[in-house]
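I have placed the structure first, in the form of structure tokens, so that the comments after it can refer back to it.
Letters A, B, C and D mark the chains as written, and numbering starts fresh at 1 in each.
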Amino acid sequence: MNDLQTSVLYNREIAPGYYRLGLLAPGYPEQAVPGQFVMVQIQSQNDPLLRRPFGIFNVGTLPPLCSGLPERDYVELVYKVVGRGTRLMSALQEGDAVRLLGPLGQGFDCNTTAGPPLLVGGGIGVVPLFMLACNLVKQTQPVRLLMGGRRCDDVLAVTEFERLGVETYVATDDGSLGEQGLVTQVLERKLKKYPTARVYACGPMPMLKAVHDICVRHEVALQVSLEALMACGIGACLGCVVPGRRHRSDQPDYRCTCKQGPVFDARDLSWEVDHD
Amino acid sequence: MNDLQTSVLYNREIAPGYYRLGLLAPGYPEQAVPGQFVMVQIQSQNDPLLRRPFGIFNVGTLPPLCSGLPERDYVELVYKVVGRGTRLMSALQEGDAVRLLGPLGQGFDCNTTAGPPLLVGGGIGVVPLFMLACNLVKQTQPVRLLMGGRRCDDVLAVTEFERLGVETYVATDDGSLGEQGLVTQVLERKLKKYPTARVYACGPMPMLKAVHDICVRHEVALQVSLEALMACGIGACLGCVVPGRRHRSDQPDYRCTCKQGPVFDARDLSWEVDHD
Amino acid sequence: MTELVSRPSLAVELAGMHLRNPVMPASGTFGYGQEFTPYLDLEGIGALVTKGVSLHPKAGNPTPRIAETSAGMLNAIGLQNVGIEAFVRDKVPFLERINTPVVVNFFGNTLDEYEQVAARLSDVSVVRAVELNISCPNVKQGGIVFGTDPVAAAQVVERVRRQLKIPLIVKLTPNVTDIRVMARAVEEAGADVISCINTLTGMAVDLKRKRLHLANGTGGLSGPAIKPVALRLVYQVVRSVSIPVIGIGGIMTAEDALEFLLVGARAVQVGTANLVRPGIMAEIVAGIETYCQHQGIADINDWIGSLNEE
Amino acid sequence: MTELVSRPSLAVELAGMHLRNPVMPASGTFGYGQEFTPYLDLEGIGALVTKGVSLHPKAGNPTPRIAETSAGMLNAIGLQNVGIEAFVRDKVPFLERINTPVVVNFFGNTLDEYEQVAARLSDVSVVRAVELNISCPNVKQGGIVFGTDPVAAAQVVERVRRQLKIPLIVKLTPNVTDIRVMARAVEEAGADVISCINTLTGMAVDLKRKRLHLANGTGGLSGPAIKPVALRLVYQVVRSVSIPVIGIGGIMTAEDALEFLLVGARAVQVGTANLVRPGIMAEIVAGIETYCQHQGIADINDWIGSLNEE
């Protein structure tokens, strides 16, 4: 965990409103675990004040710029422009300064060999699944990705997954890519076929809830990666809590998304609460 | 007067810490008068909140980018990096968006033919004198510029003035350019030689006060361009007032720098007040 | 998706005044209107609120009078103004030519002064309402601020009300422990409308000179920095009184204005934003209209106060 | 030019505590310190102030608990904490290993609760001072906030003081008409130090859902947005009491800290800035040191309160 003053390698629009951002990040390839995240400070002024959390899409090392120079570790983020912070980020250019806090939080537990892995992503939720897939393909084959999105533009990085050797299945609400419908339909089918699968999911809360219900019904293990409003990302502010397993409004049981998550075993969370 | 959403043509460092900024500015060549200023909004977020005032260095028109396209009016500013606003400005690049309010305020009155003009600039105070010189050289010859600065780096644009045919005399505190000493020494000498001169001055307040005292002694006309803290630049907030001729602390007489100035006839101001 | 409304109605009513839309300037940030004509159609805003006027001309404070702060500014202009007679003589003729309701903000340092200005303004036909600034020190009562003491506030409101044939807007200061007490006091004393908030009292330090930056020492904090405090106070005032409330504080965008309206403000005033972007009120009005169109809000009055609360 | 001071002394004294420098975290923004060890040497700051603790564990408010505002943030964490016993059991052992004075912030909902926590903390040897948060509603007195009523505040301070063998810091809320009255009340009641300010009460609106953004409705505004208000209040408190004052509110840089010290704060607390830049206090300490070197300030105590005033 580090607070780096670093700089932009590239910042490319990969689909309308989606960007892929490469940042110099010494140490990340050794330290980062799939499912972890970073807090990005885009600018030096006080508005916007807070950093923005982003999942780690990938880490790697570039060859030296010229011989004699050191190799260059980097981290890749993929983000969607939704508000003023991400809008400012979309204007970043090569060489621009950025502060980067991370890698943060608890990532996916992939030290289990039980059952074939099924990755379920919804929209931008695909981000942490890529680095996960990179690790999983080294342990087991095949790795399967079930991807959902509103329309084809919201289905990102599928070719990257395929290049890794991941079997990908896509569903979109409007049928503009893959089959028409929800990714949860696909999940139901796959779980019938692979009843011992372990599921890793990231996406919007209603999707995660549906995935959870399906996994409970099929009695398979599920790890989910959550989003929450965050001020610090390091467990200091307690702004990012989610209701845990034993949560009741009269006797709350809160878990810190940034410190105890963002990846949770689905059994440790409360799924009764109205997530909207 | 206009509030333009415009863009940067260039932003070049012309001396350590000094930048020359070109902005597209339709209408400026016809509208702007020497001594007027603009209010620049650098960024879209709320911090820094207020615009920054800058004197107009020059205006002009560039040929069309290609035939068929319209000509491109521009305004040039020259600024010194002193705080966070100007630091942000120094990072502007070609094509970046900027909001530009202006041209604002009362400029120099150069419709008088009496006496040879003497321009007295201190440091960044040279800025409004350049456009003034551009106008004066068309009416009368010779135009003389007396320029002062801490050291040679603070003496800007002298070659530009010389290219106009302006006779320039430089004094620096450390003698690193021109003669060693204060620009007011030079002024004394010149006024002895040209006792009917009219003086136009812009620079730090202590310099202006010294210039004023000399002009009073020599009984020559003086116009000064002032700086003041400004929020609006259009006479709405009353934040930018300076004490006028009849000012007394028990019976104040305030003038609005942005609306009644920034150029004042020195006789309209109070020179008793402690300007620091 | 909600249906698109072709031309939503933005008109609101304030104490008998019909405003074409709920957006008006905050006093002291819009001069007497004239300065803004190059940037804004004065007949596109709901009302025109002028700089605070007093019985006698006031020269204001020495400089520095302003300071920039994070997402805000401090001002200690010191209520500089030409005085009521020069106002009527020099400013009113321009205001008479504009087809937009004129609200005149005013203040005094004694009850008598307040009364005299009110009486004079009530006779000026272009003045459709007055806005009473009670954030001033009461010199007769040893400098206690009218606006922070419910008894003093009620007294000045009652006395002023008696001088007036036109609606009285009372402008509250945020620098109090419980604004609800102040709001109820001025409502009971006869206020027709409450506007809030005025500036938060603040300070800036000039490190280089080891001095307070403002010549006056303290100044009033305004701008987006104070919006969260303003929203809370407007929310509380709306729920404490039955007269309409004008929301003020840090409004920079149509969304900001819509937030104040949602918590129950009948109209809004835009202050500091005018100084940064002189044409901003036109953009805010247009933005509210577009928002209503997209959200299927046919009448802005359906939006006002429609906050969902458990 | 002033001469360069090779190694200025930054040490200050607070109610008998010797701090190596005047910079410490503000409660609730620094956890119990441990979270920050990757970013900061805990032995480089003047003191360590822990998250507010209460008699019983407190689960805090539902979410959303935070909102970003212009140059600030709102929080309605709801004082979530593990409770005094778990604090002593689980957090104190870590704190015992650090050679930095520990200040424990605490609160209660009744006078009894305040007393019991104080008594318990006074017996924990690592606790060098306590900081009393009186911005909580007094449930026994119908929810009136201890911190806005001078009589209630004095009462809780007196009762707590009697339980303590260590210094008592009382933390004031800015949400009052006249903070000087509160400051004098708590000084007379036995406070050894005053810290101010706590957060300003504010609100945020979620336009999309037409709801208040925070589940709790209101939240506390902190960050650079509030610095001008905090500076003013610290200035006023310093001039109203003779006990030392800790300045808090929007400090992001060494310059900000130097401003609070200049108007008379003996020390400062850094809050929201820790959330944005976990290593920031080290930078602030280093920046103060550099400033002193360049300005020829051999001892920070020469700077404290040295504001030029006419």
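Brief remarks on what is shown
Rule of thumb we're sticking to: a residue touches a chain if its C-beta (ideal position, glycine included) is under 8 Å from a C-beta of that chain, and two chains touch if they have at least 3 such contacts.
Values in this document were obtained by computation on a predicted structure and should not be read as measured data.
Shared contact partners of chain C and chain D, listed by label: A, B.
Chain pairs B-D and A-D differ in how many C-beta pairs are in contact, and the one with more is A-D. Ranking every chain by how far its Cα centroid lies from the centroid of chain B, the top place goes to A. Between chain B and chain D the centroid-to-centroid distance comes to 47 Å (mean Cα coordinates, whole Å). Centre-to-centre, using mean CA coordinates, chain B is 36 Å away from chain C.
Averaged C-alpha coordinates put the centre of chain A at 53 Å from the centre of chain B. Residue positions 46-48 of chain A each touch two or more of the other chains. In chain D, the residues that reach two or more other chains under the touch definition are 67, 69-72, 223-225. Taken as a graph of touching chains, this assembly is fully connected, with contact between every pair of chains. Listing the residues of chain B that touch chain C in their complex gives 1-3, 41, 46-51, 99, 101, 228-232, 234-242, 249, 251-254, 259, 276. Those residues of chain A that touch chain B in the shared complex are 43, 45-48, 84, 88.
Against chain A, the residues of chain D that register as touching in their complex are 28-31, 35-36, 38-39, 59-60, 62-73, 75, 77, 80, 223-225, 252, 272, 274-279.
Those residues of chain D whose C-beta lies close enough to touch chain B in the complex are 70-71, 224.
The touching residues of chain D, when paired with chain C in their complex, are 67, 69-72, 74, 148, 175-178, 200-205, 207, 209-212, 218-219, 221, 223-229, 231-232, 235, 250, 255, 258-259, 262-263, 306-309.
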